[in-house]
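Order of writing sets the chain letters: A, B, C, D, E and F. Residues in each chain are counted from 1.
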Amino acid sequence: MTRGFYIGRFQPYHNGHHNVVQSIAEEVDELVLGIGSAGDSHSQHDPFTAGERIMMITKSLVDSDLVTYAVPIEDLDRNSVWVSHVQSMSPDFDVAYSNNPLVIRLFEEAGVEVRQSPMYDRHVLEGTEVRDRMIAGDDWESLVPDAVVEVVEETGGLERIQRVSDSDSNGE
Amino acid sequence: MTRGFYIGRFQPYHNGHHNVVQSIAEEVDELVLGIGSAGDSHSQHDPFTAGERIMMITKSLVDSDLVTYAVPIEDLDRNSVWVSHVQSMSPDFDVAYSNNPLVIRLFEEAGVEVRQSPMYDRHVLEGTEVRDRMIAGDDWESLVPDAVVEVVEETGGLERIQRVSDSDSNGE
Amino acid sequence: MTRGFYIGRFQPYHNGHHNVVQSIAEEVDELVLGIGSAGDSHSQHDPFTAGERIMMITKSLVDSDLVTYAVPIEDLDRNSVWVSHVQSMSPDFDVAYSNNPLVIRLFEEAGVEVRQSPMYDRHVLEGTEVRDRMIAGDDWESLVPDAVVEVVEETGGLERIQRVSDSDSNGE
Amino acid sequence: MTRGFYIGRFQPYHNGHHNVVQSIAEEVDELVLGIGSAGDSHSQHDPFTAGERIMMITKSLVDSDLVTYAVPIEDLDRNSVWVSHVQSMSPDFDVAYSNNPLVIRLFEEAGVEVRQSPMYDRHVLEGTEVRDRMIAGDDWESLVPDAVVEVVEETGGLERIQRVSDSDSNGE
Amino acid sequence: MTRGFYIGRFQPYHNGHHNVVQSIAEEVDELVLGIGSAGDSHSQHDPFTAGERIMMITKSLVDSDLVTYAVPIEDLDRNSVWVSHVQSMSPDFDVAYSNNPLVIRLFEEAGVEVRQSPMYDRHVLEGTEVRDRMIAGDDWESLVPDAVVEVVEETGGLERIQRVSDSDSNGE
Amino acid sequence: MTRGFYIGRFQPYHNGHHNVVQSIAEEVDELVLGIGSAGDSHSQHDPFTAGERIMMITKSLVDSDLVTYAVPIEDLDRNSVWVSHVQSMSPDFDVAYSNNPLVIRLFEEAGVEVRQSPMYDRHVLEGTEVRDRMIAGDDWESLVPDAVVEVVEETGGLERIQRVSDSDSNGE
């Protein structure tokens, strides 16, 4: 039995993530999706709560044969203990998937096997693109699984990100 | 669709918890199990990591018809914001289950419906009893689901709690 | 112009505190009441929020000629920086009042003048006594200013402390 | 009796804030001024301590008929619990005043009534403008209440902000 | 070259610690003394600051041939990341010395070699005994290296522990 | 006996720092080197752990006649208590050395004597320059003491900073 670990902020969970998961599914029996920066929400960069992101992931993968776990990981803001923190919060895993150089380095220094997650079309599918379209009122629904559209609608997520995105440019 | 929320430390997940879950299952469609004090581990009072407890819960409920989520909740050590913290980490829920007076009070002040979780035989099934038996080398396996026995064995959990239980009485 | 500083948890603000304030009033022009452990609430030892304690103090002293400030001070849990923390949160003060040996020592090491606050009948007026009577349903109203009775009633404080006081003796 | 809540960093309290308070005064009986980022000080963006800001506000409003409370609010850096945090630190309030989109959104999601605070001449009165003038040695006194000038002078605040403003452009 | 790691609170550094260090010196070339609970001070249980404890250790070992490092380690209050935290704060080490069951367990789970530190007369030399004698005014000087007596005298440490030891039994 | 205090992030300890230390050595008998942002590591701005920086400093100064202490100082992110924090972590010192305006201001407000550290050729020796050369693969060895080259090589520090420096420009 092989269990993988895949970390992301999933703000929101989009087709790029979904393709990566489906690709990883061919290599592992079970997969933990670590929801990074779990405590952050209600900002342009991190609009959704950990609970909302759990729903996005769980509902998007409900028909998958892969056994998955969606686990929120709060920030500790200390790179040197990050791997230990992740390992304590997650079911035990054999291999970590990431394209992020810092994440790769931290796992490697800790002796954890890391595989580059299979690439996907970054220009279209990046989280930034999805969030920008949400704010602008452009088509974002085609970039995410249907289940994510449902969660965003139920939680008023579209109105939220449009509202809070004004904050950064707002002085005092 | 009704979703319930049931919080506990689950150190470990035992038959008492399991009976409560099965009883709640008759009232809700989905259930979130909030794993409290998620950051605590390796002590007599809190021997298991959040990741290990996720495994105990998930494996114990794998054959259940109930849709369940096991969500680690780190301590914030501030009662006045605890409900908001829980709500941000958990999928949205309609009713909370607890017998703990503080938890009940906090949810009530926040306007969340709380139901007393159905009672179970507390004297035998309390977590303290399970942990004491683990330390003493007495029969603890009969007090927990089989899946929990497996998780404890795989993680060396029995040796761990026996070892760290010496720390409290150890001066400097 | 002389400004004094008087720290306490004020759980709740009672006649003992009130007598101390009236005694200090003869020595200073203005008085800062530092509300310690401001983040703690909803427990038997610390039932009331900082906001509720601000109300108790402000309303109890509304007719006083003394200029007072009620300032919540959150715990930093580090004695060595506590005085600096207090000084940053409080209007500048010339003298600190306390009977607590730790507080006295910390101010003295920092070069702040400390005066023993005038003594009052400790056996009856201690906060512990007030809280115990609240829980037992005995007369506690005679131990606090009338304004405190009002605040406790408006916030449902009596029910709260009676409810949460059951938590400590409650296993899992 | 209606009590309002108005949050700001008040770095420093300036005429723009003062006009807003006077406008709110026509709608409420009491007003809580929440001093945000209370733990921040000694930087170009946040030069003054919470204690100094309490003094600015209290002295500026000493002749007002409005009953006011100046309450420091330390950052929790977690939007999802921010409203609960504010509510625990503040006397109970009926309506919140803000023009900040994030603050408005957070209060709305928590079911708290929010009113846009009456607008004032933002270009001249923003805190950034006041701080820039302080650093440049230009006229800033005309942009703040007289009481604020006094507090800044007594605490050596002008020298402080001029000194620390060099830090950002200072390498290692 | 072999470097060892020896953790303690060193409140204060006493002859028991000193004997352990001298015994370890026969097995390693360099030794890191990790000063645990570095942020705690001014209490009966933890009277001395990290800086004072650095002085005690450094001065007591100044004539030793062993190369030593005295490194303060602040608490993280999370056992699962404690080893990573220690490793990031300390020069790299090959073997850890401890008699504390929790510490031993945590290092072992992280794959670090642990040796039981050579035993010493615990009944007389425990830190608790030294602190109790300090408070009672009994002979404590014979239980610690001469350099520690000097540091305690220079910092007013004896008066400090006697004063703060009254705090615990002091109600409010 | 005069003891000085010199704070820096020392990412890494370079010839500029080394020249400052040698210059300070003419004015003091002992010198504490406070290692700032001790908890930060594995980023482009802060590549090395506190433990690695202790090694760099200790090995670089091993032949110096000056008695030195290398003390990690974790961030508290609160300027108003920073001096107290430093004082608790460090052996007692008489004078602080710094060219950083914020540090100078904080020490001055706390009544600590501050001396401008003797200037050195900033353009070449800044830490930013050293780190940029490390990343680019240019000559960085000539900008640091030989002992620092050794530590960087032993810890794989060069590969680490080159790897993590890609993270900032990496979307999700």
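Everything below uses one rule, namely that a residue touches a chain if its C-beta (ideal position, glycine included) is under 8 Å from a C-beta of that chain, and two chains touch if they have at least 3 such contacts.
These are the chains along with the protein names UniProt gives them: A, B, C, D, E, F = Nicotinamide-nucleotide adenylyltransferase.
Values in this document were obtained by computation on a predicted structure and should not be read as measured data.
Q: When contacts are scored as defined above, which chain pair ends up with more C-beta pairs, B-D or A-D?
A: A-D
Q: For subunit A and subunit B, what's the span in angstrom between their mean Cα positions?
A: Comparing mean C-alpha positions, subunit B is 26 Å from subunit A.
Q: For subunit C versus subunit E, what separation do you get between their C-alpha means, in angstrom?
A: 36
Q: At which residue positions does subunit C touch at least two other chains?
A: Each of 39, 41, 49, 78, 80, 87-88 in subunit C touches at least two other chains.
Q: Sort the chain contact graph into one of these: line, ring, star, complete or other.
A: Graph shape here is other: it fits none of the named patterns.
Q: List the residues on subunit C that touch subunit B in their complex, please.
A: 39-43, 49, 156, 160, 163-167, 170-172
Q: Under the stated contact criterion, what part of subunit E meets subunit A in this complex?
A: Residues in contact with subunit A: 76, 78, 80-81, 83-85, 87-88.
Q: If you look only at subunit D, which of its residues touch subunit A in the complex?
A: Where subunit D meets subunit A, its residues are 8-9, 11, 77-80, 99-102, 104-106, 109, 122, 126-128.
Q: Please name which positions on subunit F make contact with subunit E in the complex.
A: These residues of subunit F touch subunit E: 38-39, 41, 49-52, 54-55, 58, 69-72, 74, 87-92, 154-155.
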